[in-house]
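In the two complexes that follow, chain A is the common piece, with chain B as its partner first and chain C second.
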Partner chain A sequence: MSADKLIDVRNLNVTFKGEEGPVYAVSDVSFDLAAGETLALLGESGCGKSVTMKSLMRLHPAHKTRIEGQINIDGVDLLSMRPAALSAMRGKTVSMVFQEPMLAFDPVYTVGDQIIESVMRHEGFSRVDARKRALEMLERVRIPSAAKRLDAYPHEMSGGMRQRAMIALALACKPKILLADEPTTALDATVQIQVLLLLKELQRELGMSMIFVTHDVGVAIEVADRTAVMYAGRIIEEGPVDDVLSNPWHPYTQGLLGATVHPGMDRKQALPAIPGSPPQLTRQITECAFAARCSYRTDECMKPMPAAYQAQTRAVRCIHALAEV
Partner chain B sequence: MTALLRVQDLKKYFPVGKDLLGRPTQVVQAVDGVSFSVEKGRTLGIVGESGCGKSTTARLLMHLIEPDEGRISIRGKEFGNISGRHPVAELRRQMQMVFQDSYASLNPRLTIEDSIAFGPQIHGVSEREARQQARDLLEKVGLNPNVFVRRYPHELSGGQRQRVNIARALAIKPEIVLLDEAVSALDKSVQAQVLNLLSDLKKEFGLTYLFISHDLNVVQYISDDVMVMYLGQVVESGPVEQLYQNPAHPYTRALLSSVPSQTPHERKQHKVLEGDPPNPIAPPSGCRFHPRCEHARAICSSQQPETTRVEGLHQAACFMLPANPNHEKYIQLQEVSA
Partner chain C sequence: MFVFIIRRFLYAIPIALAVAAVCFSLVHLAPGDPLTAIIPADAPAEVVIAIQQAYGMDRPLLVQFGSWIQRALQGDLGVSVATGRPVMGDIALALSNTLLLAFAAALLGFLGGILLGALAAIYNGTWIDKLATALAITGVSIPHYWLGLLLVIIFSVHLDWLPSMGAGPGGSSDWRLDWAHLRHLVLPAVTMCFIPMGIVTRTVRATVSEILNSEFVTALYARGLRGRRIALHVAKNAAPTVLSVMGLQFGYLLGGSILVETVFSWPGTGYLLNTAIFQRDIPLLQGIILVLAMFFVGLNLLVDVLQTLMDPRIKRG
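Our next item is the complex of A and B:
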C-alpha cells in the first residue's frame, strides 16, 4: 500500500444475514483512491455498489452484517475503529451525499441548524461562527437567497435545492473524501447537470477525493477520472474512465455499453440487449457470475475466478478478455 | 392522412388548499391547453421534466382523471363522460396504458394469468378464451407460459413484471398503448430487452404508441415524433430527427444539451440552465419559460407565444421564430436586463 492513497480497500467481503440465509452482497472487492481523484463505481441495481460505499463509513447495522477484508482510510484501519473514533471520522474525514435528500435531512430541524450542528461538533466552532460557515456553504452551492434559506425546513425547498443543501451539509467540515451515492438520479435533466458540474467544481476548489456511485454511464463520464464496473458484488473491470468506456475489455462492460441507448444509434436496428438477468446473491459465487449471460462462455468460466488481471492502469476479471489484451 | 388519435385543447387544473368554505385557494395548471395528434403506426414521444404535465396528459387521455376541458377522439369518434360523446369504456378498449411502477400496477393477490385475463373478461370475453389468450400473450412477451401463469407478481423480476404489464395492456387488443415511463425503472441491460420487445410488438400488432419518458436518448431511439412539454404546455413538437438536430425552442435546446455524453471523446460543453423548473401553482406570466430563458425580452413576460411552424411539421411556441406573428415586436424590444 502506498502512502498517498486516501482510501485503500483490500479483499472486501460484505455478507448480510438474511431471513432466508446469507446474502453475499460484496465479494472480494479491492480498489484505492488517491488524493484529488474521482472514482465512479458503475453498475446496475443489486451489483453491490452502494453496499461497498456504505462500508466505507461503516453504516451497515453491525448485528446483521459481516464485513471482512481491509479498509484503510487516510491511513487508519476502519474496521478496528471504536465507535467514538468512527463518529469523529464521519462528516469530518469522509462525508456522504445520498440519492434522496428528503431522507438525509431531519424534517423537524431547519437546514441551517443541521449544518451548524455538524460544524460545531467537528470543528469546535461557536454557534455564531458555525452559522457563518453554514451561510458560506449555502452560498457556495449557489442556493439563491442563502441567508433566508438557512432558516428554511427541508420540505420548503425544491428537489434540486435540497440536493444542493445536502452537498453543503456534507462539505461543511471540508472533508478529504466525499462519497456520493447516486446524488443526481432523482433530479430532472436540467438540474442534474447543474449539480454534477457543481460537484466537480467544489471538488477542485476543496481538493477533495470523490467516489461516485452511479448506474448511468453518462454521469460516470461527466464526473470521474477512473471507473470501477461492478457486477454481482464484484469489481469486474477498472481503469481510467475514458479507456474503460471507449474500449471496454470485460464482456459485461461491453454488453452494458451496447445496451445503453445513445444518440446516433440506428433506429431500425434492435438494441443489442444482454439476455437474462443478474444472478441471485444468496449463494457464494466462485465462478464468473456473468458466465450465464455471456456469449464468450466456455467450460473454463465455471471454474473459480482468477484474480484481476492488471495491465498498466487497467484491470479486468475475465479469462477471455485476458486472451485479447 | 387522418390522425388515429386527436387531442384538442386538453386542460386540467387541480385545486390546492381550501378556505373556510371549502373553496380551493389555488390551482395547479397541470395541463393547460395541450393539443396534438398521432397517426396510426407511429410513436409519439412526450418529454419534459417532472411537473410538466406529461403523466397527467396520459391519465387524462385514459380518463383516469376527468379533463376539465378538451376533446379526445379516435378515428374521429369523440369520447368522454358527457352526453353526446362515446362512452369511456369503449375508449379504454382502444387505448391501454403501462405504468412506471411494475409492481404497484399488478394486483399482488392475482396470479399473472388472472391479471392478464381479467380485462378481457370485463369486456365480455369468456373465461376460457381469456385464459388461452393470456398464455399466448405471455409467449409473445417472451415469458414461458408454462412457467409463469401460476406465479404471483412478487416472484418476478422488474423486467419480467413489466413484460406482464405489457401483455395485460395488449389483452384487450387496443390500437394505442400509452407507455408512461414504462422502461425508466429498469436497469439498462433489461431496458434494452423491453425496448426491443416493444418494437417487435408494434410491428406484429400494428400498434400506435405514446411514449412518455424523461430519458431523451431513449425517446430519440423509439419515437417517430416528439413533443416537448414545459409547465403544462407544449413548447415544441415535430418529427424526431428535425427536433433533435434542429431544436427551435430555447428550452428544448437546454434540455438536449443537459444530457450527459455517452462516449468519453464527445464530452460536451454544457449550456446549463439556471434554476429549477418553477412551481406550476403560480406559473410565470407570458411564455412560461421566460424567467430561465437567456433570450427573454419584454414581450416574453407579457404575452404567450403562439405555436409557430419551424419547418414542415416541426413547430414551436417562441417569439424568436421568424414565422411567429409577433416576431417583429420581439426584435424591436430591448433585452431584459437580468
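Our next item is the complex of A and C:
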C-alpha cells in the first residue's frame, strides 16, 4: 500500500443482508486515487458504482451491510474508524455531491443554512464567518445574485442552480477528495456541460482529487484521468481513460463503447446492444461475471477467475484479453 | 405571510356561519317543540302563545337565526330552559374544565406518542418497534369509557389511591392548582390520553421512518453531522404532518370527552351536553355545540397557520 495515495481500496466486498438472502453488491474491488487525480467509475445502472462510493464514507446502514477488505483514506484505515473520527472525516476530508440535489438537500432548511451548518461543524467558524464562507462558495460556483440565494430554499432554485449549490456545499470545507455520484445525470444537456466544466475548474483551483461516477462514456472522457469500468459489482477494466476508451481490452467495455452514439455515425444503422442482461447478484459469482453474455466465451471462462491481469498502467479481468495483450 | 393569515381567517368565516346554521336548525330538527319542556301539557292556548312570543319563536326562521347570531356574537347564547340561568355562564365554566382535561390528556398523549413513535421509527423492525406499535393499536382500540371504568375499579375501588368523581374535593367545580385538585385530574386524563397517544405514535412512526430513509438524511451524515443535529433536521421535517394530526386530536379531545366526563362526573362541556340532552335543554345544547364547533374551526385555522410557518414548501398568500 503506497503512502502517496489519497484513497487506496483493496479487495472491497460489500454485501447487503436482504430479506431473501444476501446481495453481493460489490465483489473484490481494488483501486486507488492519487492527489489531484480524477478517476471515473464507469458502468451501467446497478453495477455497484454508487455502492462503492457510499462505502468510501461508510454511509451504508451498518446493521444491514457487511463491508470487507481494506479502505484507506488519506492514510487512515476507514473500516476501523470510531464514529467520532468518522464523522469528523465526512464532509471535511471527503465530500460528496449527489445525483439528485432536490433529494439531497433538506427541503425545510435554506441552502445557506445548510452550508453554514457544515462550515460551523468542520471549521469551527462563528455563524457570521460561516455565512461569509457560504456566500463566497455560492459566488465561486457562479450562482447569480448569490447573496439573495443564500436565503432561498432548495425548491426555489432551478435544477442546474441546485446542483451548483450542492457543489458549493460539498466544497465549503475544502475537502481533499470529492466523490461525485452522477452529478450531471439529472440535468439537461446544456447545463450538464456547464456543471462539468465548473467541477473541473474548481478541482484544479482547490487541488482536489475526484472520483466521478457516471454511466456516460462522453462525460468520463471529459473529466477523468483514469477510468475503472464496473460490471456486476466488479471492476473489469482499469487504466488511463484515453487508452481504455480508445482501445478497450475487455469484451464488456468493447460492447459498451459499441452501444454509444458518436458523431459521424450512420443514422439509419441500428445501435448495437449487448445481448442479455447483467447477472443477479444474489449468488456469489466466482467465474467471469460477463461470460453469459460474451461472444468470446469458452469453457475456461466458467472456471473461477484469476486475479486481474496488470500491464503497466492498465488492468483487465478477462482470460482472453490476457492472451491478446 | 400576513396576507395569508388574513385570507385563511376570512375563509373560516363561511365555515363558522354554516356551523352556526346547523346548530340553530337543531331546534327544528329535533322532534317535538323545544318549549314543551317548560309549558305544562294542560296550559291554555293564550299562555302557549305568550311563552312563544317571550322566546321569539313566533317570528320567521331567518329572523330568528339573524337575531340569534347577533346575540351569540355578543356572548349571549340565551337562557337555559331548565335552570333559567344564562347559557353562556354555564358553558364558560364547563369549557374551562374541559380545556383543563383536554390539555392534561393532550400533554400525556402527545409526549407519549412522540416518544413511542420516534423510538419505533429509529429502531424500525426491532422488538422496540413492535412493542410501540402494539401499544399504539391497543390505545386506539380500547373504548375509553370502558378503560375509564376499569381504572376506577383498580385505582379508586380496590387501591383507593385516587378519586373517581368530580373535579375537586367535595364536588367543587372551580379548579385550583394543588394536589387535592390534581388527584381528581389523574384518572380522566390518563383515560383520555390513550387514543391521541396511539394515533400520534403511528403518525410519528410513519413520518419519521420515511424521513430517515430519504436521501437527504444520508447526505446529512455525509456532511459529518451527527445525533442531535440530525434529530433536529428530522424533527423540523416531521413537524408539519405531526402537528396537523395533533391539532385534530386536540379537537376530538375537546368534543369527544362526553363519555369520559360522564364516567368521571367531570363538570365539563361533555357532562353539560349530556345533561342538556336528557333535559331537552335546547338553548344550552345549541350553545355548547356552537362553542365546541367554533373551537374546532379556530384550532384548524391555528394548525394551518403554524404549518405554513414551518414548511417553506407550502405556498403562502
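One rule holds for everything that comes next: the second predicted complex is superposed on the first by the 324 of 325 C-alpha atoms of A that agree within 3 Å, B and C clash if a C-alpha of one lies under 4 Å from a C-alpha of the other, contacts with A are read in each partner's own complex, and residues count from 1 in each chain.
Simple rule for what comes next: a contact is a pair of C-beta atoms (placed from the backbone, for glycine too) under 8 Å apart; a residue touches a chain by one contact, two chains touch by 3 or more.
All values reported here derive from a predicted model rather than from experimental measurement.
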Superpose on chain A as described above, then tell me if chain B and chain C fit or clash. fit
If you stack the two complexes on chain A, which partner ends up touching A:D113: first (chain B), second (chain C), both, or neither? neither
Classify the contacts of A:H215 with the two partner chains as first (chain B alone), second (chain C alone), both, or neither. first
With both complexes overlaid on chain A, does A:M161 touch chain B (first), chain C (second), both or neither? first
Touching A:D225, do we find chain B (first), chain C (second), both, or neither? neither
Quick check for you: in the superposed arrangement, does A:V191 touch first (chain B), second (chain C), both or neither? first
Touching partner for A:V261 - first (chain B), second (chain C), both, neither: first
More chain A residues touched by chain B or by chain C? B
For A:A270 in the superposed arrangement: first (chain B), second (chain C), both or neither? first
Please give the nearest C-alpha separation between chain B and chain C in the three-chain superposition, to the whole Å. 9
In their shared complex, chain A is touched by residues of chain C numbered 214-216, 218-226, 229, 233, 236-237, 310-313
In the complex with chain A, residue positions of chain B that touch it: 49-50, 157, 159, 187-193, 195-196, 199, 214-218, 220-222, 244, 254-255, 258-265, 267, 270, 272-277
In their shared complex, chain B is touched by residues of chain A numbered 44-45, 144, 158-161, 188-194, 196-197, 215-219, 221-222, 241-242, 245-246, 255-256, 259-263, 265, 267, 270-275, 277
Given the complex with chain C, which residues does chain A contribute to the contact? 54, 57, 59, 83, 87-92, 95-96, 98, 100, 103-110, 117-118, 121-122, 153, 155, 169
